[in-house]
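In what comes next, chain A is part of two complexes: it sits with chain B in the first one and with chain C in the second one.
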Partner chain A sequence: MNKEMITSKQGVYLLTLFMIGSNLFMGLAPSAKSDAWIAALVGTLMAVPIIFIYSRLLSLFKGMDIFDILNVVFGNVLGKIVALAYIWYPLHLGAMVIRDLGEFLNTVAMPETPMLLPMLFMGFLSIWAVMAGVEILGRCSKIFFPIVVIIMFITTLLVIPYLNFANLKPVMYNGIGPVLNSAFDIFSFPLAETVLFMAVFSALKTDKSIYRVYYSGLLIFAAIGVLLTLRNIIVLGGDLIGGVNFPLYVEVSRISIGEFIQRIEVSVATTFVITDFIKVSVCLYVTCIGISKLFGLKSYRSIVVQTGLLMVLLAYIMYENVMDMVYFAFEIYAYYALPFQVILPVIILVIAEIRIRTGHLPAGKRV
Partner chain B sequence: MVILVILAYALIIYWDLIPLYREKLWREFGVNLALTLLTFAIALLISVDVAIPSPINPIKRLVISILGK
Partner chain C sequence: MKFMSKILLLMLILANTLFLSGCWNYQEIDRLVLVAGIAIDKSETDDQYLLTVETVDIKGGGESEMNSNTITVAGDTLFDAEKNMSSISGKKLYFAHARVAVLSQDVAKEGAVKVIDWLARNVELREDIEVLVSQARTAKEILETGSKVDQIISFELDRVLKNEKRIANAPEKELWKLISDLEGSSISAVLPAVSLKEVNSRILPSVMGTAVFKKDKLVGFLNGDDTKDLLFIQDKVNGGSLVQNGGGTNNGSKVSLKIFKNTTKLKPIEKDGNLEMAIDIKTTAAIDEIAGSENYIDEPGRLMLEKSAEETLKRSIEDLVKEVQTKYNSDIFGFGAKVKADRPGVWKEIGTMWEDQFKNLKVSVHPEITIKNSAALSQPIKIGD
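Right after this comes the complex of A and B.
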């Protein structure tokens, strides 16, 4: 069997870096202000059942990705129509993430450089990685994951002098409403985006259960996300987090210890670029797999370059300015992504279960 | 800018599209050609400073009309 494989450990790292993605730097749930950490916890709890659905689908059809599953469950014609949705969604998501990077670099690091330039380079890098295959992505994530964790850990140690626990109070001053609202944002922005991994994890060496991979990724992300959000709130205070676009960056830029250790926010920028790269690559990979399955191509590699360019150009024409981006990401996106993340997987699972129970489909087939 | 875009696309076509044509992979060639034409059109329009309407706006309007915000 000459198929590309990633180990389950690499799968967990890939999943975690994907979820950290760009959203941790835009701040989890800024609208909940000082209760954002509660929102992160609630959002993780909300993601538990939906991730069960994804892993259940994957373990029902072992070795198949989501496009194969659609083909098997819905049949040839309807399956291809639904597959269109799962081609557009990662394309758009990847474009959003590339745009995040462009806006980030344009806002904080290189205001004079045209935004297209960093976006193009990120696009080239991802095209290269996807051309090399999903194995390379797995190995990349294995190298990058410790770097990200170490940087987070060191910056956490360095912000200790700036902790101000009074920022946590008052807890839930505005009631439970805003918290639930932002929990839903967190659910849809990083967590349920893992629906895309239904196309990646067909390359997983499943000696362990797929549930374990998915849930370990979720747990690691929840730990990192809640801790960093808590840290953000304690250092900056809820009001400021709601006001700036990249709170993590602002927070780390405050560090100045003995007038010697300062200006280390570039480390945050590094993790931002790393996780963005992983996320864009996964999105590009899923899009290319989708297009090649849709047209019955022999290999997805022949279209990677053009799809990557399309993603970058889409990212460039997508928003007019950074406010547009923030508005779309926090007001519109959660509802727009709901069909891809929740409604369609639930429908697929229900139909698949019915057809397997009635004996129309063989269960647990290994391809 | 326009010349840069055209040059870049000439290179991309030479490296990416011509080999498919030589190997007679017609399906791959067709899909790749369609995508190339699409991105080339967008890139050319961007390079001559045409404001391309964002594909996000219809989504925005749809979501807002459903939610009634």
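Right after this comes the complex of A and C.
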């Protein structure tokens, strides 16, 4: 079988778009209010060691994805049991992201259209993309990344008249506590979600080190995230950010230059759809890879459609309403995701290092 | 067989275009009524809201014509009233183009949040809608008077408010700003006031003055001149005029100064354990009118004029602060917000009892007016002997 490859540049773009995903639109760390940008910085710092763990694992086992790694490290039986966790997590995450999109369109654009409809179309699109393979995803992200950046850049220029720097003060009025709390939120959503890329980056052409790809992605995202969060705060003020569902959208809807350039919030909706699409596709891809490895299928392609539809249905039934969604995303998710993002990778790395040191496993084996 | 299935597939796809075309909930424009403005009153007889909308009737044809129309309907809540309205208008009311929302005094006195919530939560309404308080008996009469310039009163009110930046006698406030003021603990909200005035034997709405809120309840009004002082403190003056009695030896003629630029800086300072607010005002102005022949353009006259204008501004701002402190005790100037931003440590101690603190807060005003030119004339007009 021909192995599919993505270049390291595509890898970086894919990673960045994945991280922008849905969270920038729901606002990074709304509970930190006017200190959210500090929280974004701290969250990025917190992600540095964990991303080191992911890259270390991938560079120990070159050309393997996380499911292969689990198999090698834990053995056949235990490996498959742990693999179940990494099949469930992307499935659930993908469903959450689809739901974000559904709620977003339902709230701001089409309140009377059934939510299932846009979600279903997003599902079809992702199924199509994943069927086409990870190469296509890589190339998609190469096209989409400039679009997203350009939209962000233009809207940033246009909000200049609305900047009110007094909104940044006072800095850390409530002390460091809420900031750390929010930083942890940002860490788990979206930064450490990149754990899923341990199943994607096995397709990476390894001419550059995996560390570089991972950290470039993190850096680009941190730059965009901190900038947009700052912009949000300076334009809207910390109190309001905590009070609206989609702060970035609200912020851009304020723009009205000479009563001529206005109502351009749909550009933000565009980036929302683009990045959501990438994120859903990556989640779907990882889930399918996982299932196919679990059952020893020849190719993951035979199960993409079923899994994709399952994902959409899960998205449809998972919350009663948008309040549930916000509660889960901001209160529970960080703890729910901790095992997948931190605990399991750390255990895998520790065992892998021990077994390699003791000579049980050859490092850097290519499959 | 292969060919047949291809034909079938093609037909299936073509059939889809019939079913999937268009939008899910499309709305034709001729079935919508455009709402230009909203007025909210409290019913006098029972505990109901009266919702009035000004609608725009557009007639097509060669010369399209716009006419304004008002509909008033009662309801237990505003949403209820909106729904009841559909049964009268027959068409769906479309709120996305509404430009102003006028609250009556009764509604504002009872608490603005009750009605603001509906305005903010409504997905059709845009949050840059202008909010005003009616000084007339009800809010709906504002929308029912004939407009002078435009056919649609709401649009005219909106334009007036957008021009306020250059006039500075009413505080323009869009809905989102009002909400963030109401939510903040360290500032009280103000809204522009609109009243009915008789101009050239017609009754017309006039936007002038300020409605002062405490928490979300209306407590009183400031007139146009006081509003200018308020805007000076809030650093929102970008134009307008200062009228100055010349003073000096020949005490008499009035001089108008046109404001070009103004920056105000608030500075909370601590003086022997007491908080004090210093207000530094830097204004650039020009002499726009001298109602007399005294010379205020040469240096001594000009300096004297600057000095006396500063003195007047200082006095009127101090008076306003005193009045607001004693009469309303509501921090509409944003002093608290400034303390919180600049001295978070101090705010932590006194923030909870800011009401008492504000009442006794000492304020020192330091205006600095610079006259940059004298418009088109370089000399006062001299009357020949």
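Criterion: the second predicted complex is superposed on the first by the 366 of 367 C-alpha atoms of A that agree within 3 Å, B and C clash if a C-alpha of one lies under 4 Å from a C-alpha of the other, contacts with A are read in each partner's own complex, and residues count from 1 in each chain.
Please note the rule applied: a contact is a pair of C-beta atoms (placed from the backbone, for glycine too) under 8 Å apart; a residue touches a chain by one contact, two chains touch by 3 or more.
From a predicted model like this one, the values you see are computed outputs, not experimental measurements.
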{"item": "Chain B or chain C, by number of chain A residues touched", "value": "B"}
{"item": "Touched partner set for A:153, first chain B, second chain C, both or neither", "value": "neither"}
{"item": "Contacts of A:256 with chain B and chain C, given as first, second, both or neither", "value": "second"}
{"item": "Touched partner set for A:108, first chain B, second chain C, both or neither", "value": "second"}
{"item": "Partner chain in contact with A:291 - chain B first, chain C second, else both or neither", "value": "first"}
{"item": "First (chain B), second (chain C), both or neither touched by A:313", "value": "first"}
{"item": "Interface residues, chain B side, partner chain A - complex", "value": "12, 16, 20, 25, 27-28, 30-32, 35-36, 38-39, 42-43, 46, 52, 54-56, 59-60, 63-64, 66-67, 69"}
{"item": "Residue ranges of chain C in contact with chain A within the complex", "value": "24-25, 123, 126-128, 176, 179-180, 183-184, 340-342, 344, 347-348"}
{"item": "Residues of chain A defined as touching chain C within the complex", "value": "107-108, 110-114, 117, 166, 169-170, 173, 237, 239-240, 243, 250, 253-254, 256"}
{"item": "Of chain A, residues touching chain B in the complex", "value": "116, 291, 295-299, 302-303, 305-307, 309-310, 313-314, 316-320, 328, 331-332, 335-336"}
